[in-house]
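In what follows, a structure is listed as structure tokens, so that the remarks can point back to it.
In order of appearance the chains are A, B, C, D, E and F, and numbering begins at 1 in each one.
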Amino acid sequence: MMFKYVILSLLFILPSFALNGYVDGREVDKYQYILDSLWVSISIVFIFLMHAGGFSMLEAGFVRAKNATNIIMKNIFTISISAVAFWLIGFGLMFGNGNDFIGLTGFMQIRENINLFNSLSSYSPPLFLVFIFHLLFASTAATIMSGTVAERIKFPVYMISVFVITGLIYPTIGKWIWGGGWLQKLGFLDFAGGVMVHLNGAIIALIGAYLLGPRIGKYDKYGKPRPILGHSMTLAALGTFILWTGWFGFNGGSTLSADVDLIGKIFLNNTLAAAGGSISSLFVSWYLFKKADLTLSMNGTLAGLVSITPGCAYVVPEAALFIGTIAGIIMVLGVIYLDKIKIDDPVGAVAVHGLGGIWGTLMLGVFHSTEGIITGSFHFFFVELLGIIVCIAWTGITSFFMFYLLNRFIGLRVHEEEEIVGLDIAEHGTESYPNFSIKSY
Amino acid sequence: MMFKYVILSLLFILPSFALNGYVDGREVDKYQYILDSLWVSISIVFIFLMHAGGFSMLEAGFVRAKNATNIIMKNIFTISISAVAFWLIGFGLMFGNGNDFIGLTGFMQIRENINLFNSLSSYSPPLFLVFIFHLLFASTAATIMSGTVAERIKFPVYMISVFVITGLIYPTIGKWIWGGGWLQKLGFLDFAGGVMVHLNGAIIALIGAYLLGPRIGKYDKYGKPRPILGHSMTLAALGTFILWTGWFGFNGGSTLSADVDLIGKIFLNNTLAAAGGSISSLFVSWYLFKKADLTLSMNGTLAGLVSITPGCAYVVPEAALFIGTIAGIIMVLGVIYLDKIKIDDPVGAVAVHGLGGIWGTLMLGVFHSTEGIITGSFHFFFVELLGIIVCIAWTGITSFFMFYLLNRFIGLRVHEEEEIVGLDIAEHGTESYPNFSIKSY
Amino acid sequence: MMFKYVILSLLFILPSFALNGYVDGREVDKYQYILDSLWVSISIVFIFLMHAGGFSMLEAGFVRAKNATNIIMKNIFTISISAVAFWLIGFGLMFGNGNDFIGLTGFMQIRENINLFNSLSSYSPPLFLVFIFHLLFASTAATIMSGTVAERIKFPVYMISVFVITGLIYPTIGKWIWGGGWLQKLGFLDFAGGVMVHLNGAIIALIGAYLLGPRIGKYDKYGKPRPILGHSMTLAALGTFILWTGWFGFNGGSTLSADVDLIGKIFLNNTLAAAGGSISSLFVSWYLFKKADLTLSMNGTLAGLVSITPGCAYVVPEAALFIGTIAGIIMVLGVIYLDKIKIDDPVGAVAVHGLGGIWGTLMLGVFHSTEGIITGSFHFFFVELLGIIVCIAWTGITSFFMFYLLNRFIGLRVHEEEEIVGLDIAEHGTESYPNFSIKSY
Amino acid sequence: MKMIVAIIKPFKLDEVKDALTNIGIYGMTVTEVKGFGRQKGHTELYRGAEYVIDFLPKLKIEIAVDDTQVEKVVEAIMQAARTGRIGDGKIFILPIDDVIRIRTGERGSEAI
Amino acid sequence: MKMIVAIIKPFKLDEVKDALTNIGIYGMTVTEVKGFGRQKGHTELYRGAEYVIDFLPKLKIEIAVDDTQVEKVVEAIMQAARTGRIGDGKIFILPIDDVIRIRTGERGSEAI
Amino acid sequence: MKMIVAIIKPFKLDEVKDALTNIGIYGMTVTEVKGFGRQKGHTELYRGAEYVIDFLPKLKIEIAVDDTQVEKVVEAIMQAARTGRIGDGKIFILPIDDVIRIRTGERGSEAI
């Protein structure tokens, strides 16, 4: 009998012998570990493309030719400096051990030592990959504002603010929501960053645009908005397409594991929400303005994607289509409204990421397949609402403070003459298109 | 003895215990399932990029600056509306249970219920991923025409036709070829859509271009073709490069499983066929026109890729190089011929996708490593030929009918003045490049 | 007792039964094999995008509008012809069986027969994928020069040289370094091609630029350099962003296996080195020229990436940040110096890939975590130095010889009038932007 | 000698050029310009905000001719450029004191 | 009749146009030009090599008017286009022999 | 005063500018134009279909000068812009009635 048990126990030891191993001190299923990590690695590449190629091209397309070099310079710098800031400070603040409000370990120590980051203990992939994944999210939150404050913010001011955002503002609320902090403990859910990335970014953008004021020429002497057309619809479209593509990695990769059933669901929700947002915004602009506005339809695609970001893993496809479709409509109305109240946002980021983020998070409260209002409970909805309010308050106040100080000590805005001649010449000494005849008025 | 059997049987149960699970009601090898699904997920991202970034940029580059916004608007809409149409109707028609000619279940029901889709029972990845994968193929077939009918078709006409194509025309023949229908039963092979995607798309494009007539100014008063140059070679090239890249996902992903040996073979065949097509078209244009025509070489790359699409999994690399090389030559001659017979195709899609698709499918009949003419049998070749004829007939007739009705009730073509001023201003109220001096003649 | 052994042995056979299989005649762990191969497949796609989209757009953006079509034509041809050259000759020379200096088997025989390529016996993925992976590296080495010799080299000269590089020059040294040849036996390490790809490419570029001489107008009558501005900063940026993205595949894929811990480390090193290079070059140019030069910051990103390429798998993240940061500074100084000594390099490839490659390889000799100077040994450092010298000598001499002969028999440079009117019209009969008013001076 | 300056609708360029070569005029200089006149522009919306495109694309053709040819040239341009709709453009005739061909140094009518 | 040719700073276009329409001038033709004059250009660096941008963007506005209107138009342009800084531009007044409206064939003052 | 209008080959701009500044001319206005003349264009093929590029890029330089300077300026332009090959361009001399400097209101020769 004992003999039998020996054999049986061997039978159960065997697979762990064959399949398991130790990673960062944790025992893991070897193949699952590789699969999870590969999926995250690949998602990182998609998200990087989205960030680097997508946002830059979109924003470049929406500004005037005389500021294209400047907006690209900002995007390169955002990616680069946020890597440093998040490595030095941000990641520790967000995932380090500490209390419910702040992480206090792991600064500059993104090594194999997982013990500094208890909040990450349930993550499968190795720490390096988790770091880069979250870095790209932080960096995306920061880059969202770059389009909104474009064509008039001073480059050094922008540089400092990106450092502060990715090093301090974002990681702190990140601790609360994703780092095991108090909001997370209350049950707040934000699957891929509807609040964390998009609403955060939009609030910073809004505060920045408010304090900067509109671009010269954006309002006529009677205060009526005058459009300042983006210089290249094809570039803006390229950016949109890359973002659309990368979003599969952004939302799909937020599984942080090769849970392919969930990935499938997310992909479908993504696809339908984006489709809904593109179509609804197209028709709304067509109805309101008699002609189908491409830039609003592109914004609509993104609004659809933003709105499904918090809930993509939790809602059914029909809900995703609904959420994205309405997001497209809300976004168009938001763009018109912001224009009216003199928030000059060249790329529409506040409406896309802000309204899309709020709407999507609320709808997660409604449509969550087990906890949403639809299944009978209101508790979760209010937790979601609380998260939104907390984000607006925290990020609103801190970024106001940040821009306020920058304004005092450096001044936010370039000189009027620099704005007229364009930041490309003024700050970078070059034209973006030296061989082309550019209209001078 | 019995004891021994117990142990032995345990030995064989064990691995299923360790490795298997249930997906969509099927029992699967767990890791294989994850691997297959991940590969399809990633291929989806590549195909999406190819579709969104690739086709849009290519087509935008080949049209005039005054129609760039319009062509992009169309591409955004194509992706979006086809998601809805394929979800509502197309997928059920194509893969639902029914008879050899049509699927009748699964409309709007892309849930975990695999029983509605018996034809998919041998697919490993979850239904959601299979749905998106096939959606992107349908949507590609529809988008192929957008370049050919560009610069003159009415936007609403285009919109309706995309819905009809992805909801009805494509899924029906899809049932026959990929959904377990009659052509598939006859042994017709089309690995990644040489007929299904490319020939289908080209036929619709051809019918559309025929009924629309050439753009104003495309022929002089003596009927001699006059070139209308695409407005940006760099954009067109970017589109080509993205398509070239995405094709790895398109053909490689059509394994629908992580069969890496096959993927390796497909990647190599893809690479050689594209190389052959680029080089041959380059030299043919150089020989014929004394200068090396970039647009034809780019078309040649794509013709090479299209031509290997039906057979990439079945032929040896040497054959792939041959097929792609000849495809490049045929395509150039096709472009010249279509120009002569007054089919005005701004992007060359009919020659690339139509002739490339036909040629590649026939050559699969010749080079298939076990069933091709080369190995002695003619039967398979004739089945392939039959498939081509069926596709031309079905799609030719239905799309003719569709455009005919649209012409009757809406009118296919924009007003002459709108065509001259450009669709960007006429239909979307914007210029694509407002800061640039655009030549007015 | 015997009975027990039977069972025990069964236990150990079982997993191989369950998990293993035979590939190319080797016995492998099945899932590991699939994982390795999938990762390589996906890396191939990223590298292809990087090569096709990245280099082309970058180079196109850095040249004048009148030469954009030409540079793209060259890139398409490079990818295509190198596939053929590497298939016919290169791969056999580089990995075929032979001696320490040259491979002599496997020409045109990239089939499942691994026995022709003993040097690849430790590679997990199937031969087809390994072939494509190395093809893309060869092709990248060749494409590096295309930007440097742009705007003045004759197209046929360029065509032949790419064939020679990817068929002969690159594979020979490739045998020495990666194909089991003498340098590899000495312990020379070059993880992802700092010497093999980047330095090789830069040396060829340098020799080419030297023999061609500067573009007309690059120096005024007193020999002072005059800038010739690239025609599109947004295109150049797009190229940079795509390269930056693809580099994850380039360096990460060089594991040639799904070693996810290593992939994580490489990704992090990549990210930090690129960040360091972008930031340092930005500040250096700002300090030296009073304005922040976008093109130098983009070059800086790439210099950072190049510099981490040889050592990304072997150094700690802190070292990566250091290496990339200094690479950015060296690169800027290199650009200025090359300008002074009349090496006219429109895209900065010699400084980026050459200096970046040398610096990174030396630093690997310093920072290698077990063999570098820092851990006490000088031996390895000198081996790295030797590798650099060998590369400069071999590639310098052979490419000089190649260009010398091409100059004798064909002439390297286009006619002065063709250069003034631009290669697009002169060699391809088309303008890149026919609808735009292009400045004529 | 006179400088005939014609402002025309852009898509009429080919016809005007042909008309001029038909009457033996082989030299002209063309400039892209924006015209403002009775032909009204149009109002468009970009992201919901209105803007007016009131400068319309036109081409300016400058032709230096001998006094004797002025009427013939004006006639040819009018015929070729006229559509009958507002915005067809104008022809201005300005005096020229002298013309020099750079290549040869010829002056006056010789140089045209 | 006279051709009034004004070279102005580009961002002044709207103001000049408004000033002209206010005094009843409804026709003009605008061209993008580069100006070289007392207003000095600026030196920039591209990849460390110096270059001078000495041709500055300007707009040329051409307005054909009756002799009686010349002073009024000159006055309006001056007021609208002046910033007081170097580079504000010039106004040239050239004689016109005749004007023809292509659409109608009208001539002279009628055609303006 | 005269308006000297020179049509030149684009790559000669720098030389012409230098020649003019050398003789003390510091003001000019440059326009991108397309020229049609004896210099023949070229035929190209795009996707196998022929097209003719018969409008060639030229630059138009306008220089307002005092009557006394006309010959000097013409001479300088001719020397700098001549290559001796067809298409070198022309110089037209038109009369100017008056010149005004917008900034100061100066008139006539003062304003140049």
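Keep this in mind: a contact is a pair of C-beta atoms (placed from the backbone, for glycine too) under 8 Å apart; a residue touches a chain by one contact, two chains touch by 3 or more.
None of the values given here were measured: they were computed from a predicted structure.
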Least step count from subunit A to subunit C, where 1 means the two chains touch: 1
Third chains touching both subunit D and subunit B: A, F
C-E or B-C, whichever has more C-beta pairs in contact: B-C
Separation of mean Cα positions, subunit D and subunit C [Å, integer]: 54
Intercentroid distance (Cα basis), subunit F paired with subunit C, Å: 48
Two or more partner chains touched - positions in subunit B: 7, 11, 14, 31, 35, 38, 42, 229, 232, 238, 289-291, 293, 295, 429-430, 433, 436-437, 439
Touching two or more other chains - residue numbers and ranges from subunit D: 31-32, 44-46, 58, 94-95
Listing of all chain pairs that touch each other, if any do: A-B, A-C, A-D, A-E, B-C, B-D, B-F, C-E, C-F, D-E, D-F, E-F
Touching residues on subunit E, where the partner in the complex is subunit D: 3, 17, 26-32, 64, 94-103, 105, 111-112
In the complex with subunit B, residue positions of subunit D that touch it: 10-11, 13-14, 32, 42, 44-46, 53, 57-59
Residue numbers on subunit B that touch subunit C, as the complex places them: 4, 7-8, 11, 14-15, 19, 31, 35, 38-39, 42, 46, 64-66, 229-234, 237-238, 240-242, 244-245, 248-249, 252, 258, 260-261, 263-265, 267-268, 271-272, 274-276, 278-279, 282, 289-295, 297-298, 301, 317, 321, 433, 436-439
List of subunit C residues in touch with subunit F within their complex: 420, 425, 429-430, 437, 439-441
Subunit F - residues contacting subunit D, complex: 2, 6-8, 31-38, 55, 58, 60, 74, 77-78, 81-95
